[in-house]
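So that you can tell them apart, the chains are marked A, B, C and D in the order they are listed, and the count of residues begins at 1 in each.
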Amino acid sequence: MADLTTRIGSLTLRNPFIGASGCFGYGLEYAGAVDLASLGGVAVKGLFLEERQGHPPPRIVETPAGMLNAIGLQGIGVRRFVAEKLPELRRLGATTIVNICGSTLDEYCEVARILSDHEGVGAIELNISCPNIKEGGIQFGCSLHGTFDVVSGVRKVTTLPVIPKLTPNVTDVASFARASEEAGADAVSLVNTFLAMAIDVETRTPKLSNVMGGLSGPAIRPIAVRMVWECFQAVKLPIIGMGGIATAEDAIEFLIAGAAAVQVGTANFVDPFIWSKLTSGLDDYMQRHHIARVADLVGSLNIPAKAHA
Amino acid sequence: MADLTTRIGSLTLRNPFIGASGCFGYGLEYAGAVDLASLGGVAVKGLFLEERQGHPPPRIVETPAGMLNAIGLQGIGVRRFVAEKLPELRRLGATTIVNICGSTLDEYCEVARILSDHEGVGAIELNISCPNIKEGGIQFGCSLHGTFDVVSGVRKVTTLPVIPKLTPNVTDVASFARASEEAGADAVSLVNTFLAMAIDVETRTPKLSNVMGGLSGPAIRPIAVRMVWECFQAVKLPIIGMGGIATAEDAIEFLIAGAAAVQVGTANFVDPFIWSKLTSGLDDYMQRHHIARVADLVGSLNIPAKAHA
Amino acid sequence: MLLDVAAEVTANTQLSPDYNVIALSAPDIARVAQPGQFVMIRTQPGLDPLLRRPFSIFERLRDASGSFTGVSLLNKRVGVGTSLLFSARQGDRVGVLGPLGRAFVPVDPPAEAWMVAGGVGLAPFVTLAEALVERGTPMRLFYGARSAADLYYADWFERLGAALHLTTEDGSRGDRGRVTLPLLHALETTPAQQHVALYACGPTPMMRAVAGAAEHHGRSVAVSLEPVMGCGMGGCYSCVVPVRRGAGRQFVRACLEGPIFDGQAIVWDALGGH
Amino acid sequence: MLLDVAAEVTANTQLSPDYNVIALSAPDIARVAQPGQFVMIRTQPGLDPLLRRPFSIFERLRDASGSFTGVSLLNKRVGVGTSLLFSARQGDRVGVLGPLGRAFVPVDPPAEAWMVAGGVGLAPFVTLAEALVERGTPMRLFYGARSAADLYYADWFERLGAALHLTTEDGSRGDRGRVTLPLLHALETTPAQQHVALYACGPTPMMRAVAGAAEHHGRSVAVSLEPVMGCGMGGCYSCVVPVRRGAGRQFVRACLEGPIFDGQAIVWDALGGH
């Protein structure tokens, strides 16, 4: 068995595989399918300060090799989370990454503060990239200043690792990674979903009640891998990569592109038993290629000189 | 039979279906599969002033519901095109849209001038969005000023319809449609491919010789539809929509989102006989829904008031 | 106990141009399945289609010796996934994840159990009927379809001892019209002191009508809803249904708190989707 | 004449754990196919896999009365598309687009035709051999594989009158080692005035070696290359092969100007991909 541990700032993960935020409930929903302690981490559904109803259905629609979602960040709010979910996650030995949202900078900070006061939070993932709600922080995530402000603001109020989650809906994602680094982030995670839409041609109405939604799944993987590679070249921060990972080979592609860990979302819907396949697949690969540690794989892409260009 | 004609500025197309640039050779390659005169138009492979070798293979790689390409704009150059290809395209009754590239603003203008001097060019599509070559105009396509300059520059040297082709690799594609409109474009076409990459995990090298390539095919359709809808709300210009169209229903989705015509690229590789299926599918749909003219379908998306939001 | 089985298709019986019953070898799922529970089906390997599709467990299959061999699905062809299941061949493999969701609560005698099924909505009632028979609970099946040819398994229910109230849109069998007609009649002619538990599955308008009629007559009704489901496990929040909570209402996940709901608790006006 | 046929799989003969011959009912394509031409195969409906896969036409199938019934492919399982073809079942349908590409030019007697095949590279030679037999051209088949079990159809060529020069990596049949060994020997022992046309298909290193040997002995060789092909029709420029043009070289589309090329014209150093 190769050494699958990987480090995200001060946090050491058992392996690089993390349940993606919004695709893994609060983690506990999957305790019957997988031992949460066997995962690298569990990124819980995005949390605001207060409870949220989210958008009316239909909230998802399948698209070629992907899906659109516009859940609208339905959630129980951070206070109920720390009271009702966090203790159980601790008991089960999960490494919990809490994905947080805010309508204002203050809300991000307040949510972060509350989380910092409780045992069992491994890291805070700043959702500044949800494409589905106006006040979902996307106005922060699409502006370099906004990104800098949220990250540095939250940085001040917590000692937990702070991981801004970047949107792919920008011209130059690497610049947002840089802004995050300058603002004191411990890592960056990418990508969130691509803003997209689907139309019912019979009714000529949008298929989602929210009109637009976020595209996820294997369809987006080649774009996400490119963005991870761009960020890897731009910053020293550890990167949590995601976007369409459905097999160990897909995950390895992200590691080679520069991700120190990966999140798996949509594929977990299709196969909630995917996690053991991912770890054993990575282990096999590393042994076959005589790679001792995940760190030796991270960013190991080599680009041949263009022989006949 | 419904009236399938549609207008792109001064140009009237027999139907909304155009062979996408770079996916249809110089059109003539497909004369054996489809009567070119039965198409709405033929957008030929991107042309520089001079011949180009393009990138070494491998130039494409299949991805989930899509493909990456980094052809590198191999081409015969505009002079050989007007001499060797254009006359035959005319003879076959094709409505020819010439996709042009330039390393400099002057080159775009020179290519446009040469085309304007020849009979049989229906419109000029400005490729300012090829992600695969540094000098492929992407530096124009990713900057609002660059876009404005190329469009207004070419506008001055030709009376042919000028159609800048927009890149999706930007934060706000609608602003590029606006810049094109202000610069005097007759229409805009979108989307070009999404910058992406794929890695061979066994060799840990990129699967494309060019490292990165452009993602096309059904995978990107929901993002492309969203961008067409955004542009439709932003400008009065006719829009040529594309990105992952593989069925008549897909094409209708673009028309409803605001496209006056569509291009089909990757799907033509899979089914070179797709064109009659597209036209008959659209005709059936329009008759079933009692839609007399394509114009009545364009941008007809209706967004229900959020009942229970 | 959650299972994911790469089940072999052991039989595919086409009942009509768009209905079929597909038998899947998944004994372990059959063993633990409760009435009205569902499974998430991966109709084909690969990425097209990508997501699983939810299906009620139709029958729990047994061999001659009575031990479980698998489950069957009553499938109606409406799109890509159900078309693949419709044309599946013996020996094909489909992924079966389950059993999932809350089960029906079968009533005990002297209460009567009335099942109201519209079209493919019959699916969850075979397992329920078997549970009711064990308890000796008197059963009625109100069952509506397009025409006689679409009233599948009616005779099976009759053999089990259920009183049948059949309707067809074309009147080719039973009463002509909606299944709610005989139901309303029965509700009106049944003395209030006779305890009756209603169970309904079918098109949303039908279930809504049944819930309304039941409420009017002071009867409870358990409805089996069919929202779009991305995961079936509580992970995605796609399957939410609006239910009354105190004064207001709340979106709850049908895959966890349903698909069986108290019909009176549903805010039908806000129930979008399917 | 280009055709796209939704062909039924009429037979699938598995020759080994990774080789099979799949028969497709596409009479019209069989009728017009020339030696060494290829087809683009859509292995399955839907979007996974998305692109067609190129395959040499292996056999042109005839019924008892001698009229064409379809084509067969010699398939080697290497990835998703070829795996689907490997496990395809009778009655399945696959899309067959073709025939495509330039054909072999069969030589006439007294010239001899030498075919050099490595593994699945045998595929284009059945149709070539039939054309050569019609002309009465003397044939030799140099054919290398992993082991005896992988030397498919060798006896078929022998019955057709071809002189066999077989090699296997494990020596289980014919000479042990590379197929280029007997070829080199034959080239050396054949008098220069005997006109010989070489045809080669197989792994790129093999074809390159054959081209080198042929050049060394002043013989021409037609190679059948296997670049990745996105469309097979000249639309995408993905399949380019570097060929000498005057002083320099040029990327030409293998689907239009190939897949058969003059081995001497290829710039082997610049031939990437497969």
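The rule we apply is simple: a contact is a pair of C-beta atoms (placed from the backbone, for glycine too) under 8 Å apart; a residue touches a chain by one contact, two chains touch by 3 or more.
The structure displayed is predicted, hence computed values, not measured ones.
In terms of the stated touch criterion, the partners common to chain C and chain D are A, B, listed by label. C-beta contact counts were set side by side for A-D and B-D; B-D has more. The most distant chain from chain B, with centres taken as the mean of CA atoms, is C. Chain centres here are Cα averages; for chain B and chain C they lie 48 Å apart. Mean C-alpha position of chain A lies 33 Å from that of chain B.
Remark: chain B and chain D have CA centroids separated by 36 Å (rounded to whole angstrom). Residues of chain B in contact with at least two other chains: 56, 64-66, 209, 217-218, 307-308.
With touch defined as above, residues shared between interfaces to two or more other chains in chain D number as follows: 47-48, 242, 270, 272. Taken as a contact graph, with one node per protein chain and an edge wherever two chains touch, the assembly is complete, since every chain touches every other chain.
Chain C meets chain D in the complex at residues 46-48, 80, 89. Chain D contributes residues 1-2, 4, 42, 47-52, 95, 97, 227-228, 230-231, 233-240, 242, 250-251, 256, 270-273 to its touches with chain B in the complex. Residues of chain A touching chain C in their complex: 22-25, 29-30, 32-33, 45, 53-54, 56-62, 64-67, 69, 71, 74, 209, 217-218, 246, 266, 268-273.
Contact residues on chain C toward chain B in their complex (touch as defined above): 47-48, 242, 269-270, 272. Residue ranges of chain B in contact with chain C, taken from their complex: 64-65, 307-308.
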